[in-house]
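In the two complexes that follow, chain A is the common piece, with chain B as its partner first and chain C second.
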Partner chain A sequence: MPNTYGFVPREPLIFEHSVPGRRGVELPPLDVPEAELPPEEYLRDELPLPEVSETDVVRHFTRLSQLNFAVDIGFYPLGSCTMKYNPKVNDAIANLAGFLHLHPYQDETTVQGILRLMYELQAWLGEIAGLPAVTLQPSAGAHGELTGVLIIHAYHTSKGRRRHVILVPDSAHGTNPATVAMVGYRTVSIPTGADGNMDLDALKAALNEDVAGLMITNPSTLGLFEEHILEVAEAIHSVDGLIYMDGANMNAMVGVAKPGDLGMDILHYNLHKTFSVPHGGGGPGAGATAVRADLARFLPVPVVAKEGDRYYLDYDRPESIGRVRAFYGNVNNMVRGYVYMRMLGREGLEDMSRTAVLNANYIRVQLQDLYDLPYDRICKHEVVFSGKRQAKKGVRTLDIAKRLIDFGIHPPTIYFPLIVEEALMIEPTETESKATLDHFIAVMRRIAEEAEIDPDTVRSAPHVTPVRRLDEARAARRPVLRWTPEGAS
Partner chain B sequence: MRYTPHTEAERQAMLKAIGVERIEDLFADIPAQVRFPSLDLPEGMSELEAQRLFAALAAENATVATHPCFLGAGAYYHFTPALLTHLLFRGEFYTAYTPYQPEISQGTLQVIFEFQTLVCQLTGMDVANASMYDGSTALAEAALMAVRLTRSRRTRLLISEAVHPEYRDVVATYSQGMDIELVPIPFDRRNGTTDVEAVRAALNEHTAALIVQYPNFFGQIEPLGQLGELIHGVGGHFVVSADPVALGLLKPPGDFGADIVTAEGQSLGIPLMYGGPYVGLFATRMKHVRQMPGRVAGQTVDIEGRRGFVLTLQAREQHIRREKATSNICTNEALIATAVTIYLSAVGRHGLRQVANLCYHKAHYLAQRLTALDGYELAFEGPFVREFAVRTPVPPAELNRYLWETHGIIGGYDLERAYPELKNHWLLTATEMNARADIDRLVEAVAGYPGSPAPSR
Partner chain C sequence: MNVPADLFYTEEHEWVRLEGEVAVVGITDYAQHELGDVVYVELPQVGDHVTQSEPFGVVESVKAASDLFAPVSGEVIEINAALEDAPELVNNDPYGQGWMIKVRPSNWEAERANLLDAEAYRRLIEQE
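Let's turn to the complex of A and B:
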């Protein structure tokens, strides 16, 4: 069938472009004598990969890219994900040959530049956290959580005891309880009080000698600072538990308060959130983890260390939890994050968090008359509304989210945190202009109005996208998870 | 440099709208004694200054692009076609996040669907996920999944010592909080592959899985058929960590009944980047899909009947299942998976075979020339693909230092680092990036090493 869609992007699968015998990128001819191949029984008969030309490949992926929304296209207030602008200089520097083409097992004397960068990054992250010992090895936030909870496990093991429980507030990301389970602990959930803080009485009631620690997100996923954080820390430490702070929301905290000063023992960063590493369609991230000085002995091996003016990888750490991945982490993303930190410097980093909070509060006050605000107080870097007023009219939060797409705006995070009915979690970030925020506010106000007078338009959104609402139930009921020649459509 | 665009007038207008005087008033909820700490950090800089500062740091590193390199051991220097970098850095891929809103994420979702298909094609498996952090964590997740597949009734895992030592460390780290028994299986000193008799002796009805690498850490090709039969004989699962480039040549693990296949995808066009970000490939059987960790994209239709893709089977994942999830993974390596998808499309059926063949013949040429030198011989019998171990008459660490200092060559991996019993064993690799002249240069440099023992003849 000829393409009748004009410039409306519509793209077959790469496999559907394939023609037997067609070739793409060519490799150089063999310049050494041929060796005898292994016996036939070791060799595969067919290699069922696509056969397409270079032109096919470039057009295919360019067209696919055009089916995406992205930070480079427009406003992306996806709560908890910190979709700030990603400066292009980060990538220009990360792509220097001197960072790109280094083998992880090269002799340390030949990679002093990258080791120095990693060492300095550890120091910057330690200073911002008020937790001086840092590992850069975790690949993403959840990987940092795993590292942190393994450190909690190692701490108790070093004291000759096995504890079984980790406390997690009911507003937490799903990664927290999932991580707890991976280390063999049981999660006990702590409810959130009417003021949006963790319920201190419930926390104290749950405390006993079987509690290994607490995982806390601060600011919480409600976008609110835990106002009783010092008391929480004291309570956990009273049973010799450790506090792990999920740093997903560190974009509100840089130069505002040091987690170490708040009594936190362990913190993970998401370099891809707070320090502007592009999110890449779902990763890669980088999940550096910082700990109290006396917990440094448990960090994964190796740690980047310095002796005199020589940088090296320190493997001599007998109490380490071990490696959490091969090699040293997502190094090229460390370069990106560190470039961002160096360019902003102290004042720029302080301005970053303060402005992120300013922007979220600006949205809060401009929308709170039309959307229900479950916790009416100053928020931090994100604001969580409830769409329950609109839901009563038959327009659900999902519909509001889809309608935003019609106005060229990426929807916020929806239906999370779970404790807020019809949640809309909006994180504008500091890199957005007042004009962008005002546009978003105007659109949200209009949608609230549409929910009253023209709900069908909202419920049938989006209207101008390459595909419209997709049948997710069908995808799960009859999973088609790969292309096959037989199933070609 | 700052990326906060407000003018002072705009800031004031916003503060007024909020009803506070100063931005600091928005932080009254922070305990006063810890609020606004002083950060002991230097001031910022412009883009030009940053470019200069970091270019100087980059220049302190010696790159494999300018020095012949024979290091592999889990990370390999391969050719990256220009189109890959060009396409990958399109902001539409690069500055998007997890495709939570499918209507405006069909690009990423279709790429994931294509990636899953390519991983299945390469490994000979039914179903693959959207990626794991790297090859080592993919293997660790496979180990945990193998235990879950037995409803955690079996907790004994056999892991070959011919699996990458760092991968074994990661499996140990991931399983330390669980009641999992990790049983190391020695390798056969003659052919460098997993000791089949030791496997047989270690198997019992509590064994959840056997974990091997293909080709293994020494480059040797494991007898997957035999090993698979053994573990299946006691009702356990067969977990294989594979080299995707070698799969351009070798029978895929799926043909030998593997239950889970993982791989490090870095070899598929991804630069070395001092160890990351890379990408973990993870594939399994359709019947096991509900225990698979990580995201997965599936095909469906929209309300107008058009084909489209969505994230699916999310009832396995942490944001739905929380403590009952199959893994805690959230952010994965989507962009590197995109790069792998572009690479495999660009080189295609013909090109990947060609890469595998170039690696094979160059590695064998290197092995043949090196073992013609006195005192150098292959450490193991049996076929290898692109990596091999040689016994050396002198410590590899000294040889590597000499090669670097006098010839600017990045030598091989000293196996004694991870295997104390393999003193004077050197692991070398060759890929399409090693021209014949570089290989000849390496061999001549080794021949000229002044510490070499005098020829015996």
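Let's turn to the complex of A and C:
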């Protein structure tokens, strides 16, 4: 008999709950004339739907929801994803009827409130970036990248030239080269030096008049600040290329350094990372993109503008790259990001970044004696370890990640960035207490010890979940996508 | 780690074996070990032209997706269709049943100089 008792059941499929003849609703007696059935050939003999009661259904789906892991349940140090706590006030405000029931076809005079919010959000994001012109349209980060690289293309086109190459460091998110390909450019990869910075000599060697620009992530996916960023910017600008900064890691920089001051020309934000809009499980995100003042003319239409006391959607932008999305973006998530920024204020936002960086460094220092640090220097909001030492004992990073689940911790990002062997990328975020960080550190130290004296326990983890170690290779090679009753083919 | 002496290698961990007029291409034992369980192999079509050092396909494992780089230039004359249903052949037999494409080399004499022999390849993976 399946274990359906206790708080962490192995929940059967809804079909497996089925009992012949059980039903959720009772139809009233027929009090209308019987209609004729469709022709015989359209009817089937069997309809193998689960036969379950309302209680069965409610309990089944509620139990499934309890098997979920979320930032509201536990520590979620998924690197480069900034799984920070999402304050409930964001939802409370976003769910106010005045925001919730807006319709995109409403007349501008009836939506002055949301237009004001969007206008102010544009201005704040412009201020934080040091890049004053902002579009809120992109749906999420990679869409912001696409918008940014289309603007790079528009910039060169406006100067009457065609260029073909975008430089991308080898530590980049995979979406960067994908974006380059989407716009029709070719990626040239720039290696990372031993200090974790982009290799400046390699960058300079790759520079020529065919380079349209550079996509850079700062702090990089190694969680490290690019120490030569000003030289990098100067080099790219020397061939009149533009620099696109992937803002996935902005949680380390808000209020502390402005990308515009560092020579960046275009930046996307992930409101769903840095500004606490919920994400994971597919979004929706919000990928606002900021550009240098002289690039404003290329931004997608419409941009929210203001004239006197009136807010309006400005479509009169002849050099625009056009729309990148239907309507105006994920507006409700703009409300969440806006509320978050208002709740924290200028100083609070700076505090947010400083605390995120402090937390990551605390973990770095507490674990660096047991886990290899491929780039041993002060990190930003995330720290990248290598599980190389444990791998020599036969415990791979994947095993460490699975073992963390036994202690109620979501695994960090693993095997990324690709340039770090057995990578473990840990981003604690600013919202975790010292007690939570200490728990994580204690667990990681324990796993390192287990790797030495009891590697099998780590290799066979997780042990306390309703489903144990899954066969990922078989799941990918021979996926079972459909339930079939026993005995059926 | 198995590094057969009669093959040529790339720094990106592909191997090539010349069988008469035909070059057989796959990934090395070291590569399959580092990738972990291979779950999908994307190959070019017969008749396509591949270029030395340029990507010709993608190998996907439970860990990562990686480009496959052609060790030789030439026309693809056969692909290993068995990998579609059994990508694990790449793990189980990387130099045999796990081969990926067969190419008619267009510039073998010149391109051979850009490849590593077994000894040089062994040194490369020992460094990594």
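Here is the rule we use: the second predicted complex is superposed on the first by the 415 of 489 C-alpha atoms of A that agree within 3 Å, B and C clash if a C-alpha of one lies under 4 Å from a C-alpha of the other, contacts with A are read in each partner's own complex, and residues count from 1 in each chain.
Basically, a contact is a pair of C-beta atoms (placed from the backbone, for glycine too) under 8 Å apart; a residue touches a chain by one contact, two chains touch by 3 or more.
Bear in mind that the values here come from a model prediction, so they are computed numbers and not experimental data.
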item: Partner chain(s) touched by A:V19 [first = chain B, second = chain C, both, neither]; value: neither
item: Partner chain(s) touched by A:L481 [first = chain B, second = chain C, both, neither]; value: first
item: Contacts of A:L30 with chain B and chain C, given as first, second, both or neither; value: first
item: Touch count on chain A, higher of chain B and chain C; value: B
item: First (chain B), second (chain C), both or neither touched by A:A205; value: neither
item: Touching partner for A:A293 - first (chain B), second (chain C), both, neither; value: neither
item: A:E227 touches, of chain B and chain C: first, second, both or neither?; value: first
item: Contact residues of chain A, present in both the chain B and the chain C interface; value: 472, 476
item: Of chain C, residues touching chain A in the complex; value: 36-37, 39-40, 60, 62-64, 87-88
item: Residues of chain A that touch chain C when the two form their complex; value: 398, 415, 418, 472-473, 476-477
